[in-house]
């Protein structure tokens, strides 16, 4: 039904591929790095990028996707704000024969044919990696090990999955116990305020698991203000590995970071080309991620891009 | 007539506001087919009695019976449904709605639930025609003058099938013609058996139209009298509670000696000042110590002249000079800086700040003139406020209550006090005596004389021609937004002559007109 | 006997003045659309216009409710949260297997009920609408997360059908059922405001509440009614949003109240009450929709520039409206 | 006419006798907010007995109460400016964005310094950011006072665009700084107490002095109470309006410094997010009417403390922040209800004359004030 030749954009092969990308927003340094990576990679790969910022609103993302369908872009990619509620608009995209790629976060559609592939991190794995480190490094503890947890934005996929992965990992040692867990909304301010309360309510805290670096950095301030030494009195484990977090790790204030890589751009552009050419791609592709200890951080820090 | 049963009785009514006993054991009877005047000084409790009757305020004690059955309205809605139709003091209509809608809102003619706009417009035109008013019924009410608004409010009230019609100072902003028109209709309604409760401060109106008078003083009932048995003087005495020879003294003061004013020093000179769509260019000179009256029908543009001279509206034509120096009047501040003060006719919208206290309202203009970083010391504020509360007998005499709690007339006095303390060289008074009781009115008139004797110039606007004639050295007459003539108030000038000029029926011939202009 | 004849401005000359804000918005909207058409190839496609309606149907309905409230001089900050709560409640009830019809009824009752409650508090306890509805906003948003911390998908057949049904012409242009519902709401609301007592009382209360009371109008009833209507519109908007996204998410429609207020004001309704039209509100919603479409079509703005541009366009729009309004005064 | 049955018959019921004093206290506008505040503290203490304890750590006082006061410092400042704006009948939705912008500018400038601890650099940064905020305030003021745009919309523009500007300044990153002097604004100490408290206190005293020691306060109230009348009384209301928006932005700027200094980093996206709502709530709880007119600075401070206590309580009791909104809604409504004269009038009637139909009472409550 969409054969109006004069408005179509995907007729000849030598024309630039047009990619419509709808980003969640610019709510964190991680997200900005992610955006930059995608923009740079698109430019490098000679793909025309139509970028839209949804400002953390699902409505806006749906609008943007509709508009991409209208503009007859070649490929649509987006990082969904929430998991559910995409079927209608994805169906429209499918009917218009525009392939869709999900990045960073997944959707819960029953109909897997609505999108070609998912490119992103495995949040559960990140939580597990953090948990495993805690298990490793508290082996010799005699008494109970008190853990406090700073969760991400309530209900968000990373928060849910990291909580789950972490809990699974620390189940290995019954002495490990999460004595308090509260959302700090992925923000430094939130991390600090919540940690202040944790510190007042619990005289003995051994480990802090912050579900992103920012909350961890906020908590750091609270710990110092309470007269404790971060990294020693309270061990700090976080996720993300943004620059400030790595710095803290290298400085010995953090103890461990499970990376969550925002630099999806090149991988995404590869996928876009493949999908556009009709090549088969796997349903799920995970980004390459690692973990950092204090020593590794010192090594890696000079070469980090974000 | 009085043999029949009263349609409405109020007995032993008590009502207090925080800090004020507004009504104390007040009785009132209304008989079908009578016009009943409710009289009393400012703050005597007239408006409160009316609001208690229609359920705007709940009562603290007493009973109200309507047609023999006790009632207790929870609001004006119930009251009007029960046949008590009211025009409240201060026009209470919706300025954003059209004239026609203001008349019919709440009881719009409908078909299948849908409002019939055509009927509303037609019937409004008919109703207003009864009041001899020919205006665009589609115009938003806010674009009409206060007087027209008042007439619309009356039109709304008389259209209702009511057995009791309450009119709280309906004539305060009407001119003689409209008052006569209103009275004709009131008599018609009375003859058809409606009971009318009528509040006014004009004594002659009371005697012209009422059958019976109830007098309140300080929230208490003084008594109920047939109009014919209560001479004017004793009415006044009953209202103010002591014997006074106000009336005689008032009569003495007819006409001012024009020569007495110091006509040598020109204070303000407006040359061909005008504003498109509001007033045609006019030329007016005001000397120190001179009282210039502005006469004209409502809507003739008197207020506009005042606003232009004060810089409240910006003139798009002509120039104003003060002491011979031309000034750029863009904001009232400029006028105030040059010693001009302006008491607006619309005290509610343009005069008072309801939340502030009496004291703060009084010092507001003075403080504004000093700038905010030079506050008037608290002690001086108290002193000024107290002095003027006493001088103008503002009641209650507590300068530290919110001005919103004062009765209409007392609010007017507060506004006057605000300008008096700034000791302006020209005071523009737009309807300063509207809604003010007879005693206070004389006080204000005396004040004007006193001020002008002391060298202050006054531009005096009033719907009462008598008052204008009595106080002014010179009278400028407005018609259809044009200043048609200026007369020196000598023996040759009387109410008839001004009425003729105003009416325009007998247009002054061109020769006379230029003469008068040249004379300025 | 003197006849007062005030020189009346002729009828035709008076008409535009009252309608001026709306006309200004209309003209500016057309200009905005013209800019889009001249800049982007696919913009002239009629489906773009349809999409603006599809994507803003729920906003339109909510804005209609808000228009009632603002016309009385009030404000309703709870709308966004009530929309979200309605969607959440629907999703959650459907998840528990309740029949669609019953869910619809329940969902459509909650909003008006909350609105009614807020209206009563505002009227009888004389607390400012801003605060009461702000509390309502917190309350409804709190309820959302109370119901579920994460989003709930809707798989119900009726919902899916309403969501995916396309009503269109053979060339593939279509609108969704939500658009039709939104139009119906708009028409009913416009009729109510112009031709019923309730509607006229709304204007009177907004013009001068005290006077309206003294004129014997049912002020309390009217004021409570507008918040109830706003609640109802938010509930309908919530249902439409759940059609739109086929899910309920606790953080959806955050900040929607500000969009809605902006739309109503751009449409020429005065925040102090008493003057404005539903048609203006429709235009206001369209303006916001077209601005957003323009930004997506452009596709080069990054996050912060998007915000700055939206703010800038809003400013330009209001400024122009204001200047044209002044010129004609 | 001097004999007048006036003020002697005041509100206090003569039957109350000795209870009169007590009633006068409960009738005070701020009585109930104080009660709710105390109730919150008590609830916290019951939940966690150590809540009230204050210890000395590293030479500073340390404890939840201190935290609450320190954390409420930025809110107090923002709410101060907001009080003045609201009392002119306006509203300022842009304060959150101004916080973000001021913080962003200051942090960006400091981060570019070779020596981040240099006092000169920090002061320049503060001056720059403060100056920029004044410009933003003036922008709001011009839109409202000169162009005549409705305040809620005029400031909405900056609320939306300002976040963008803040992110533009930080380029979407979180700028982390390592500057002792700047950090002190948020977490430093003076005389064992957090420095932030003193800054807020200074702000309060300054605003109080400017409004109450001069006539500015009354003039603001006059403009808010009746703008047309104020104009005719010779007040240049446009200037006053402009001034309050500038003051509001200035307060927001300092609050922005505190917020960013608290975490030593500037986050354009989240610094001061939704602080405008909290500030408005604080103002209203403090008894200033949203339609303009009278304002109460003391009330506003109390309101801000109440809100921060509520936030801290929520964190302390481990309630999910989103669900906590429910909690907030309830507290706000309770405070506003018991403060509302109409509500109290109702209760009083109930107590005095049980069985009176409530409808009759409604009409008696002082409506929007009926002159004459």
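The chains carry the letters A, B, C and D, assigned in the order they are written, with residues numbered from 1 in each.
Throughout what follows, contacts are C-beta pairs under 8 Å (C-beta built on N, C-alpha and C of every residue); 3 or more make two chains touch, one makes a residue touch a chain.
Source: prediction; values computed, not measured.
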Averaging each chain's C-alpha atoms to get its centre, pick out the one most distant from subunit D.
B
With chain centres taken as the means of their Cα atoms, state the distance from subunit C to subunit D in Å.
30
Chain-centre distance (mean CA atoms) for subunit B and subunit D, in whole Å, is 42
On a C-alpha centroid basis, what's the spacing between subunit A and subunit B, in Å?
72
Between subunit A and subunit D, what is the separation of their C-alpha centroids in Å?
36
Residues of subunit D that touch two or more other chains: which are they?
167, 172, 320, 322, 362, 370
Junction residues of subunit C - those touching two or more other chains:
145, 149, 210, 213, 250-251, 302-304, 306-307
On subunit A, where are the residues touching two or more other chains?
25-26, 32, 35, 154-155
Listed by label, touching pairs are A-C, A-D, B-C, B-D, C-D
Considering the complex alone, what residue numbers of subunit D touch subunit C?
93, 143, 147-150, 152-154, 156-168, 172, 268, 277, 280-281, 284, 289-291, 320, 322-330, 332-333, 336-337, 340-343, 346, 362, 365, 367-368, 370
Any idea which subunit B residues touch subunit C in the complex?
56, 75-77, 79-81, 86, 88, 92-97, 101, 105-106, 108, 110, 113-115, 132-136, 138-140, 144-145, 147-148, 151, 156, 175, 177-178, 180-181, 297-299, 480-481, 503
Taking the touch rule as given, give the residues of subunit C at its contact with subunit D in the complex, in rising order.
75, 121, 124-128, 130-132, 134-139, 141-146, 149, 209-210, 213, 220, 250-251, 258, 261-262, 265, 270-272, 302-312, 314-315, 318-319, 322, 326
Listed in rising order, the residues of subunit C that touch subunit A in the complex are 40-42, 45, 47-48, 51, 54-55, 145, 148-153, 155, 160, 163-164, 171-172, 241, 244-247, 249-255, 292-293, 295-297, 299-304, 306-307
Provide the residue numbers of subunit D that touch subunit A in the complex, in ascending order.
48, 50-51, 57-58, 62-64, 67, 71, 167, 171-174, 176, 187, 259, 262-265, 267, 269-271, 311-312, 315-316, 318, 320-322
